[in-house]
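Note that chain A is present in both complexes that follow, paired respectively with chain B and with chain C.
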Partner chain A sequence: MQYTFDWAPIWTNRELILDGLLDTIALSSLGLTLALVIGTLVGTAGSAKARLLRAAAGTYVEGMRNIPLLVHMYFWYAGLAFLRLPPFACAVAALALYSGAYVAEIVRSGIGAVPGGQWHAALAVGLTPRQAFLFVIYPQALRIILPSLAGIFSQLVKDSSLASVITVAELTYQATAIEGQTFRTFEIYITISLLYLALVSVITYGLLLLPGARDAAAQGLSDA
Partner chain B sequence: MPEVIFKNLPFLLAGLRLTAEIALLSIAGGTALGLVIGVLRYLRVPLVAQVLEAYIVFVRGTPLLVVLFICYFGLPALLAYKTSAYWAAVLGFVLFIAAYLAEDIRTGLRTVRPGVIQAGLATGMTRFQVLRYITVPIALRNVIPALFNQYVRLFKFTSVASVIGVNEFTGSAMLVNGREFAPITIIGFVALTYLVACLAISSVGRLLYARLAVKT
Partner chain C sequence: MFATLRVLSVLAAVSALAATAIPAAAQAPQGTLAKIKERGKLLAGVKLDTPPFGFLDDKNEPAGFDIDIVRKIAERLKVPVELVKVTSPTRIPLLVSGNVDLVAASMTHTRERDKVIDFSITYYTGGQSLLVPQASAIGGVKDLGGKQVAVQQGTTLEKNIAAAAPSAKVVAFRDYNAAWLALVQGRVDALTGSLNVLQGFMKEDPKYKIVGDMFSIEPFGIGIRQNDSELRDEVNAVIQDLWTSGEYATLYRKWFNAEPTVPIETWP
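Here is the complex of A and B:
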């Protein structure tokens, strides 16, 4: 090995890296929020009794998650170029629609895992269907699905790196720029890898700190 | 079929062939490596298991794109050895997907019922024979759904190879788009093709699982 490590250029460019990191965080949290909204709606539709709703939800899920995220990004960025959406918005839309399909499947399985008696009991005490979902079904489903949601969220953070391809100045994009200037290839990519790892760890362990999540995780383990 | 697609079909199909080639190579390599890592982690070989765990945590926390960059730009600098983008991509996919497959395979190994293993030992098989002929085959058959989930994921991820300059399906489609400028038609065609291919891979997985799953 003739490669000599030199970490100084990484430290010199710390502001660019921090900029990218903040962009990645903004991109991921926006994508995540929208994916949760889409996932909850589609997942609820997927667990409905009406066959049409179920079919529509199934079509959405299969259609979205079987297309590479990169193609989603190109669709918004190049396909709909005439809309002149800013790259950041394209990336958010692609991430939200793609990850929303995964969230939907998890939400659907979570709703299915809440015992049916809960629904009937909620209606029997006079809750409207909407109230039954909001106050009885969703809170219980959320606890069950937290570990899987943590997995999807960390995937979303990592997937957001593809936004660099459509020129969003997030972490990976900044890394490529710094690499081009300093040629410290190995150092810069290891650095951002560790930053992604840190983000993913924060999400995974952060979500499991939520009340009730540990029980669900433990249950998931004993089931496996 | 729209004119643009028809005119460029040979070029696009060559890209699709490259995608299939990269996917198959990576699936084969990734499954082999994942099996080795999964078994070593399952056996808790001292030191090796810890090193492999660090590898898995690192890869699973890193975006695929960054893994590809490390394999294409980083490793050649480190080892003073130049590879083509194609092999860098295959290496990246293998290293990436193996980390996920290893965990799935390890879960499969751990859920093989102890009674089956004891029965094997009781008939006089060595520990290695039990692993080779009982535990691993049962585990592999039972984690087919998880494996195929990863294969579908990998198939979609091969599109990322276009970023480091491999003109696989997505890459060649974007080249065609640069020349023809019919983005909606071309991206729509690409999306539809991936959709069909991924659904096909999933159904192969379901078929295999239905035939091979071991009920213990």
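Here is the complex of A and C:
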């Protein structure tokens, strides 16, 4: 291959890349927060005893998860164009609803993994069902599901690159723009790959630094 | 047992691929022209999302001005042409790695881009204009202050509009079709692009009009690998011969429904 790498155009465009990175971070963190909220609500509903709640949660999860994220993006941006939602809001909505379905399944499995005796014991000592969830079930479930959550979060950061097709000026969007002006395809895509790698690593390892995240398996929860 | 065999055969296939790939790379200094003759076909990278330069026609066949030019080049080299679809992120890697011999993809020749690949002489000169709804009050770039303008991403058009209308909000889309859709849906106030491309959209829907003067000159060149001057000479000769023989004007009328305004430079 006859090709001479030249990184100067990347440095010249550093402001665009930094803007894109910040946009990716903003998009991902908003998407993450909302996905967590949606996932916790839907996941809790999915593990409820009431059949209707479980059915509603199941419908949501299947409906959201089985449609490609790219289509979600287009749905909010082009399908609902008459709403005139800003592209950034469309991307956050798409990311949150889509990833929320995955988080919901993880939360559901986490709640299921907390031994039933914990729930009965919590009620027996006089906690209301709400308190039992907040102080007994969720904290234990969270430890169990942290590694899976970290996986979903890293997925979400990478998924946010799809927002580039609906004109959200995140990292991938800026890369396309810079590629077009400079034709430095290899250099720019290598650069943003490294940035994504760094960003995802920070998030994944950051989550695992949470107290107790690493010894989830060793907690030895039991019904006893 | 079968599993082991399968793994082994995959390994063998992979190593065979690697083995063929290395000599190909090592042969790079051999002229592209000789390689094209040896292979018996010209591999041309074209875009298929930019009517009337490169697109899929009613029969789902590649068609357009760029495609016709490429066919003429193959004719001169006396080999059949194989059209390879390229997109913005793939055109340069495909060209420099030798997967295509040249790229004809409505590319504006700029000095910055010239540092990465070589270009033929200008085979088409475009100008940038504005497309707005019939009812719009926008009469040219001067009226774009605070307005949203759609443009194709990563193009010189994007840079030009930002320079010509600094107070406009430029919204860049992956391709012309997405930008056009945004205009039709009312998400943006105007669409900017090559005059000939805008005329194509206007023909599709007469509810839109082209306003103002052209505010940039876009010299299109065919992309060739750096230092591939043999092939570049051939391509340049084809473009010039097309002009002298009058075929260029025929092609121009066919695709742009107009007479060519900027002559092609010809060398004696």
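Note that the second predicted complex is superposed on the first by the 216 of 224 C-alpha atoms of A that agree within 3 Å, B and C clash if a C-alpha of one lies under 4 Å from a C-alpha of the other, contacts with A are read in each partner's own complex, and residues count from 1 in each chain.
Here, a contact is a pair of C-beta atoms (placed from the backbone, for glycine too) under 8 Å apart; a residue touches a chain by one contact, two chains touch by 3 or more.
Model, not experiment: these values are computed from the prediction.
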item	value
Chain A as common anchor, with chain B and chain C clashing or fitting	clash
Touching partner for A:165 - first (chain B), second (chain C), both, neither	both
Chain B versus chain C as contact partner of A:68, first or second or both or neither	first
Residue contacts with chain A in the superposition, chain B compared against chain C	B
Touching partner for A:40 - first (chain B), second (chain C), both, neither	neither
Chain B versus chain C as contact partner of A:3, first or second or both or neither	both
First (chain B), second (chain C), both or neither touched by A:180	second
Chain B versus chain C as contact partner of A:28, first or second or both or neither	neither
First, second, both or neither for A:84, with chain B first and chain C second	second
Touching partner for A:201 - first (chain B), second (chain C), both, neither	first
Offending stretch of chain B which, after superposing on A, collides with chain C (from 6-14, 60-68 or 78-86)	78-86
Shared chain A surface residues [contacts with chain B and with chain C]	1-3, 78, 81, 164-165, 176, 179, 183, 185-186, 189
In the complex with chain A, residue positions of chain B that touch it	57-58, 60-66, 69-70, 73-74, 77-80, 107, 111, 152, 156-160, 162-163, 170, 174, 177, 183-184, 187-188, 190-191, 194-195, 198-199
Chain A partner contacts - residues on chain C that touch it in the complex	25, 28, 88-93, 96-98, 110, 112-113, 115-117, 153-156, 158-159, 171-174, 178, 181, 185-187, 225-227
Complex interface listing, chain A residues touching chain C	1-3, 6, 9, 78, 81-82, 84, 164-165, 167, 173, 176-186, 189
Chain A to chain B touching residues, read off their complex	1-3, 62-63, 66-71, 74-75, 78-81, 154, 158-162, 164-165, 172, 175-176, 179, 183, 185-186, 189-190, 192-193, 196-197, 200-201, 224
